[in-house]
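For reference, the structure is listed below as structure tokens.
Letters are used for the chains, namely A, B, C, D, E and F, taken in the order the chains are written, and counting of residues starts over at 1 for each.
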Amino acid sequence: MEGLSASENRELEQRMQKRQIKEFLGLFSNLVDHCFMSCVDDFTSKSLSTRETGCVSRCVQKHMALSQRLSERFQEHNAQMSQQGPPPR
Amino acid sequence: MEGLSASENRELEQRMQKRQIKEFLGLFSNLVDHCFMSCVDDFTSKSLSTRETGCVSRCVQKHMALSQRLSERFQEHNAQMSQQGPPPR
Amino acid sequence: MEGLSASENRELEQRMQKRQIKEFLGLFSNLVDHCFMSCVDDFTSKSLSTRETGCVSRCVQKHMALSQRLSERFQEHNAQMSQQGPPPR
Amino acid sequence: MSFMGFGRPQPSSAEKIAAVEAEMKLLTEMHNRLTKACAKKCVPNDYREADLNKGESVCLDRCAAKFFDVHMKVSEHLQQESQQRGSGGGFGFGG
Amino acid sequence: MSFMGFGRPQPSSAEKIAAVEAEMKLLTEMHNRLTKACAKKCVPNDYREADLNKGESVCLDRCAAKFFDVHMKVSEHLQQESQQRGSGGGFGFGG
Amino acid sequence: MSFMGFGRPQPSSAEKIAAVEAEMKLLTEMHNRLTKACAKKCVPNDYREADLNKGESVCLDRCAAKFFDVHMKVSEHLQQESQQRGSGGGFGFGG
């Protein structure tokens, strides 16, 4: 980050860390909600069935792969945008 | 809350109050939205029909009961977690 | 806003400006998400089809009209409420 | 109060500004929720026309009126309930 | 630390309060998500009765238990994954 | 400006940090929205396999490209509109 002093950079880093924790907790919550809604449908028992447990596990793995792939596309897009500059206004 | 002085406790209380108000307003909004989406479907008139009014009323009551019940389960779960300590890492 | 000094008004204005920017960005994001989900369904190509482009364009226009109309209803409602005062508690 | 050394002193001007800001926020959020709900109820997702047609416009007006009514009804119910139970605790959301 | 001129000094009391607040917030949010998820799973949207019936009540209890289990399972998976990859980056959300 | 006694003085360093933070937040939110939208469009909810298959992967790449395009298109429309009307007011959300 150009234009920031050392102490400003330290402040920024601390805030970024807090932001990352918040971000991570948000993603975690979304993943729990999504995999729960997608995989759990049987309320004849209070324990997860083998099928449900497997589904949750695949759901988490698939979403990590998916998120990884979309992150790459997103970074490519941002790199391209910053080369071109913003679109004409 | 162990480890907080009297003035810190006062500050914390004030913040908790603000948080509770915010929380309450959020729950209220969610309840309005949910009961509106669930109960209102007839746009041939601008006044709520008897059926819609009744549905909204039952929707609110049912959600208060539901939320009460889930709060109990949630508190039991938290009590159990804090006895056991966090899961092994 | 009665009861605020000139410098307080300036502070308030600055905050309102920040709020408006935040608000605008939120509405923009919601509009992108909604029009994307409504209009884009063909993933045999990486470019938007003519149909999709047209749909997005109509989606934006319709939502601006819709939002405009509901703003008017909302303002009428608020004006009526502040005349009557709050409902009896 | 700051001369007694309690917590952080909250100047009255900051409080006033916060109050105005909070009210604006509430109104904006209600407007957004109204828009989201009535768009879902009245406007189909296929976007064949760019303009609101007559039917959609009338539907939006009625939808707004009903949304305000439901708002009021839910508010009344919660007030009754909190009077009966003493405190407002134990009420929650549901989707 | 403020005497060394670093950033804004963060008094320890503010940090303690922030920590308590953050924990309360996490618990509240989890409660709200639980309520939203289990209302969707167990309670039909037509609201013919004002009371929870027996079937709904039992469903809610089991739903809560399963929700806590899924929470735990997802948490375990992410921990395994972050140990394998070194850092926790590159994980994301999905709807 | 602080020597004139207006409001709270905003040191330039706080502003710079806030600007960097705001940009990071915007990018993160856009990434999350992209992920949510394309997961819905390309990945079925039954989770029979843990890996992305070929079809899903290609779908995600195209979905991302289209999402960026829609972003651009909506942004252009709003700019045109705000130029025509003078101010950007009166635009809203819809679900």
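Here is the rule we go by: a contact is a pair of C-beta atoms (placed from the backbone, for glycine too) under 8 Å apart; a residue touches a chain by one contact, two chains touch by 3 or more.
Because the structure is predicted, anything quoted here is derived from the model rather than measured.
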| item | value |
| --- | --- |
| Steps needed, at fewest, to go from chain A to chain E via touching chains | 1 |
| Chain whose average C-alpha position is farthest from chain D's own | A |
| Rotation in the CA alignment of chain E with chain F, degrees, nearest 5 | 120 |
| Rounded Å distance, chain D centre to chain E centre (Cα mean) | 24 |
| Length of the line joining the C-alpha centres of chain A and chain F, rounded to whole Å | 14 |
| Geometric centre distance via CA averages, chain E-chain C, whole Å | 29 |
| Junction residues of chain B - those touching two or more other chains | 7-8, 11, 26-27, 30, 34-35, 39, 57, 61, 63, 66-67, 70-71 |
| Touching two or more other chains - residues of chain D | 30-32, 35-37, 39-40, 43, 61, 65, 75, 92-95 |
| Touch list for chain B against partner chain D, complex | 7-8, 10-11, 14, 24-37, 39-41, 43-48, 52-53, 56-57, 60-61, 63-64, 66-68, 70-71 |
| Chain E - residues contacting chain A, complex | 5-8, 26, 29-30, 33, 36-37, 40-42, 58-59, 61-63, 65-67, 69-71, 73-75, 77-78, 81, 88, 90-95 |
| Chain F residues within the chain A interface of the complex | 13, 16-17, 20-21, 24-25, 27-28, 30-32, 34-36, 38-39, 43, 45-52, 56-57, 60-61, 64-65, 68, 72, 75-76, 79 |
| Parts of chain A lying in touch with chain F, wherever the complex brings them together | 1, 3-5, 7-8, 11-12, 15-16, 19, 23, 26-27, 30, 34-35, 38-39, 55, 57-59, 61-63, 65-67, 69-71, 73-74, 77-78, 87, 89 |
